[in-house]
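Below are two complexes that have chain A in common, paired first with chain B and then with chain C.
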Partner chain A sequence: MSLVSGPGRGGSGGSVPDELKLVVDRHVKYIQSLDTRQDELEYWLTEHLRLNGVYWGLTALHLLGHPEALPRDATIDFVLSCQHENGGFGAAPGHDAHMLYTVSAVQILATVDAVEELDRKGKAGGEKVGEYIASLQDPMTGSFAGDEWGEIDTRFLFGAFNALSLLHLLSLVDVPKAVAHVQGCGNFDGGYGVSPGAESHAGQIYTCVGALAIAGRLDLVDRDRLGGWLSERQLPNGGLNGRPEKLEDVCYSWWVLTSLAMIDRIHWIDGEKLTQFILQCQDLDKGGIADRPGDMVDVFHTVFGIAGLSLLGFPGLQAVDPIYCMPKAITSRIFGR
Partner chain B sequence: MSHGIPRGSGVQPATAEDRQKELQKIKDYKGLVESVHLRIQERQYTIDTLDLTTKLLRWNPEFYTIWNHRRLIMRHILSAGSGEDGQGFKTSHDASVNIISDELSFLLPLMRKYPKCYWIWNYRLWLLEQSTHYLPAVAGRQLWQQELALASKMLSLDSRNFHGWGYRRTVVNALESPELQSDGSASTLTEQEFDYTTKMINTNLSNFSAWHTRSKLIPKVLTKKQADKVARRKFLDEELELIQRALWAGSEDQSLWFYHQNLMSTFDPKYAADSMAPDLSGEERLEYVTQEIGRIQEMLDGAEDCKWIYQSLISLSILYKCLSGKWPVGQSVIGHWVDELAKLDPLRANRWADLRRDLGAP
Partner chain C sequence: MPSPNSPSTQATTITSTTQSTYNTLITALHPLSPLVLELDILPSTYPSHIHLSASSLALPKTLLIPLYLHARQILFTHLSHPETGDRSNNNNHNKEVAWKATTVILLWDPNHITAANIRKRWIRDLADKENGTGLVGITENGYGRGEVRAAVQQELRFLESLLTSPLKKHTKAPTLWAQRGWVVGTFWDDVVALYKDEGEEAGILWAVKRFWDGELGVVMRAGERHPRNYYAWQYARVLFGLVQGNLIGEDVVEGLERVKGWCFLHPRDISGWGFLMFLVHVVVEQGVNEEVRRVVRETREWVRKYEWKGESVEWFLKGVESLRIER
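Let's look at the complex of A and B:
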């Protein structure tokens, strides 16, 4: 079982009615259909997103209240088929191990309550997965690489904190040094970049604030300044952009919104207008959510659209954990809170 | 993930023949993937294998594992060149330069076609790092120098390209590193890069990337100049003039206001230590703040619907009060500014409500 992450070709570009609702059943069907597109070339060209795709689809289904819509055993089998002996996971069988996919693997297993399957059926047990992640930390700078080839990015640092905390193995890494690295990525606008010196960017802010939240160091964030910059991401049509002078987008809307939530400033934007913007990005006939109204849908924007609606308190959705982008009921179970 | 692709724009295979063609393509693609994997498993790090990865990566540059395979092949070829494989086969440095140059040229059209594909950029940087390792400093430096020109060219085409600015920063760091100095002396491009941001800002004021980069370079420029208090004040005054001129030209431009806010931090005891003039006295800070309040108030004339002006006036007033213990204008004036701000910016109504609360509802 695996889900394709590309936009596909279908979809209807029909006009959007004024009174919008969330077409839950269509979204569920859309996500389920992603496993049945092997006869499209794109299915094969997007293999590098396969494991992320399962995380995105599964999380969307849980938030929609349909956790059973993907078969649990097949999901676990697919995840384990992507594992390498060093503990890390690739995007799909035959793809090299990398932080991004290792994090998705851990998140999926945590969501379906199957972390112990690593020890039972994995090519390497849970402890080894933690060691793989920890091996990617630079002991000098505290930063994390994506894989053995050494690319550094605050996305990988957050990914490491995310997966290790879900495995209760955060003690394997130097948390204070990593926190200092995050601080070094801070900018005058209160935001954070991909590395020291880099411009603030909503996606990168999410990863840095998320990492500080997991480390229990949100005291280091300049909440008013960052909150101000983030709130200015909202544009008149209700959608949010990721940097000044850029277009609005459902995925950036999530990263900005959840960062605001983590620093208790979610009320600084117009939630009602953002809700309307996300609803307008749905494909009402075939299901799925796009980056902007009228564009092609994909599972990536589908999960972040639904997660955004959940965080905005949209009726009928399961609560989302703003740090992990997983169902709150599941992170509560894992962290016993 | 997809961005900006209109719904319904994909071509559905209409006929049985089309579907057959697509299935054949899938077969070709999977066959190519299979043969590359197999050769790498067998450690066939040869030119033939390299050519197969070329074909595959042109088809699908997002396939990160294939970039990793290509690294293995490159490392093998280059280390053979430096006689590290123990086969007694030595390539000259010239040959290594050619190999790396060819590789860099192979990447160029891919970067143009897929400007947002992270893996291509990573691979290019990895390759350049190899050049630092395998080539003498002069030859390595030349390659990196060309990259700086490339970054300039990309940014002239798209002045906000996120990868472009990041790439430029990495290239500059490399050019400043001791490994790339032929005489081992320290080298810095700080001033050259600072001038570059001025040039980019003069071309287009709405360039948050350039303002950001400027904020990061200023402390370095001042440190390098060993600027004393007088020199720092002079620098600050020039920045204040620059942002004033910019704000008069584009008072609705949020990039400019964020940079203005950054400059105002110089006068805020909470931020001053990290600013370009950390040792201003309390009186000097108050003088600057008073001057700015006057200047921004002038801007209001004819731009009464610009929310940024009110926002700036309010935060400057708060700073004034923090420095002097009293408000710069009557509290009813500040109350009026908050009212205007809330009226002009309903999206952030709750933010302004919080502000009103923090001000003690003047």
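Let's look at the complex of A and C:
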């Protein structure tokens, strides 16, 4: 899957009518075309994101109601080709193992109901994948590194909880210690940062609140204070930014919105205005969604724009799980609810 | 004379021109005496060659792409033939060729974790060789602490080039900032030794202060290249944790003053104010509340003077208020 931006642009495809539509078929074709750009130069230029890209594309297709649009077997084979013997996954074949790609691998396999392929055909079974992830927890602080080299980031903590819970292996890690670390990352403004003392950032808030949700500890969140900070992310044009005085960006339609959803305050932003903003970021002709109108589209902003619309209840989309950013039907199946 | 394992005989698409340009780029990125280069990736409309000066390097995107693909080829050839334990000259040469190729990989893709890891392994392997023999000085393979120190300095300079140049993606790349944090954290003694002046008395306080001042400058330059640079200022926090034990109170207050000045020049930068808040917490913990009160007073005066309305400054003032040290 090619992860370069373009060729489409947000806000193109003719004059923008008052009632914007979600051009589902164009987006499906756009995502499918990314797979076929394999021969293009650009395929090799974004290798370090490849497995993440498959997760973004696959999830978008599922939410658009076209789960069959990517070939299942080829997807599974590609995912497994990224695996190392220690259980971890790299971004692409031959790339070093890292939490970020291991999480995407587990999410992809869970989405296409192929987790058992790890035991059947993988270089390491599901249990070993869980052990790889668990080995990255710092027993002293409860935090998680991304890989053996030790970079700590709450993204990796959330990733660990996300993947381990999908594998039903959350018991492999010290959940209370990790929760305590997340609390340490909380700030006076109600938000959370990448580590204790770091300023609040919508992306980090999603990872921290998501981790607390998986651990069943949303009681630790100051919902009103956090809801206030999150609702201040909405700009006059309806879009959301990720931090004070930043520009709006479609991907924050996910990070901010789902954080609000998890604390039952999604009504604290103007959903209608946000919907219009996301729709304006589409390339109505070539498909795909950009970070803001006028910029080049890419699969990252496509999935998070669609996920945001799903959270807002946009008609015709499959429901998204606010914690996992996966189809709710899938997580319901996995967790039996 | 290329050996049988030389990458140039394996890549089928590389032209002699590309190979020659690649060699030029590699040479430019590995100056004999490591320095900080200003790097730039130019629009494709620029003439297709490498523009070099004593302290800068620029090339158009259309030229960098085939060079990146060549570097990538070298990298993956090396990764698929690790030849661990083979300490022959041939293997060492191949390792070095792959290590040099990572500079081109990271020039194209600052979040290429695999390339960054090869660079970490390079320094770690040098250190292991030194430690393994128990000798301080020259090891049986010719590597000594001097080699490790030189490699550390080279890595810091290379990273600084990537992080402070006008490269949009690089200045904020978490992979590059984490790399810098790893080098500094893992080779702390070597880093401090690099900052000691010749003939300076025993003790490292001056060296650490010099290092801290320099690193804050790197963060600020990156913060200017990419406003609200979350990972640059995160590195500053990690760095402070490393140096704190060797900074005297005055140094911390000086840092507070310096960051405050930066914030006044970049008042819409929440990350700058975020780091100022971090230092405020440190100073409060040290019990020097008067300095914090002064910073708050001056910030309020600044807001009044410029009739400033901005979420970031308001956030800072609200945050300090919540510390309840103003009365």
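To be clear about the criterion, the second predicted complex is superposed on the first by the 320 of 337 C-alpha atoms of A that agree within 3 Å, B and C clash if a C-alpha of one lies under 4 Å from a C-alpha of the other, contacts with A are read in each partner's own complex, and residues count from 1 in each chain.
Keep this in mind: a contact is a pair of C-beta atoms (placed from the backbone, for glycine too) under 8 Å apart; a residue touches a chain by one contact, two chains touch by 3 or more.
All figures in this text were calculated on a predicted structure; none of them were measured in a lab.
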After the chain A overlay, clash or fit between chain B and chain C? clash
Chain A residues in contact: does chain B have more, or chain C? B
Let me test your reading of the model: by the given contact rule, A:201 touches which partner, first (chain B), second (chain C), both or neither? both
In the superposed arrangement, which partner chain does A:234 touch: chain B (first), chain C (second), both, or neither? first
Partner chain(s) touched by A:44 [first = chain B, second = chain C, both, neither]: both
Using the touch definition from the top, say if A:295 reaches chain B (first), chain C (second), both or neither. first
Who does A:273 touch here: chain B (first), chain C (second), both, or neither? first
Which holds for A:140: it touches chain B only (first), chain C only (second), both, or neither? neither
Among the options 27-35, 297-305 or 333-341, identify the stretch of chain B whose C-alpha atoms clash with chain C after superposing on A. 27-35
Once the two structures are fitted together, what part of chain A is touched by chain B and by chain C alike? 41, 44-49, 90-91, 94-96, 98, 147, 149-151, 188-189, 194-195, 197-199, 201, 232, 243-246
Using the touch definition up top, name the residues of chain B that touch chain A in the complex. 1-12, 19, 22-23, 25-26, 29-30, 33, 37, 59-60, 62-65, 68, 71, 118, 122, 125-126, 160, 162, 165-166, 169, 206, 208-209, 212-213, 215-216, 254-255, 258, 261-262, 265, 346-351, 354
Residues of chain A that touch chain C when the two form their complex: 41, 44-49, 90-91, 94-96, 98, 146-147, 149-151, 153, 188-189, 194-195, 197-199, 201, 232, 243-246
Can you check the complex and tell me which residues of chain A touch chain B? 5-13, 39-41, 44-49, 90-91, 94-96, 98, 147, 149-151, 187-189, 194-195, 197-201, 227-229, 231-232, 234, 236, 243-246, 249, 251, 265, 267-270, 273, 283, 290-292, 294-298, 300-301
For chain C, which residues are in contact with chain A within the complex? 65, 68-69, 72, 76, 79-80, 108-109, 111-114, 117, 120, 174, 178, 181-182, 228, 230, 233-234, 237-238, 268-271, 273-274, 277-278, 281, 310-312, 315, 318-319, 322
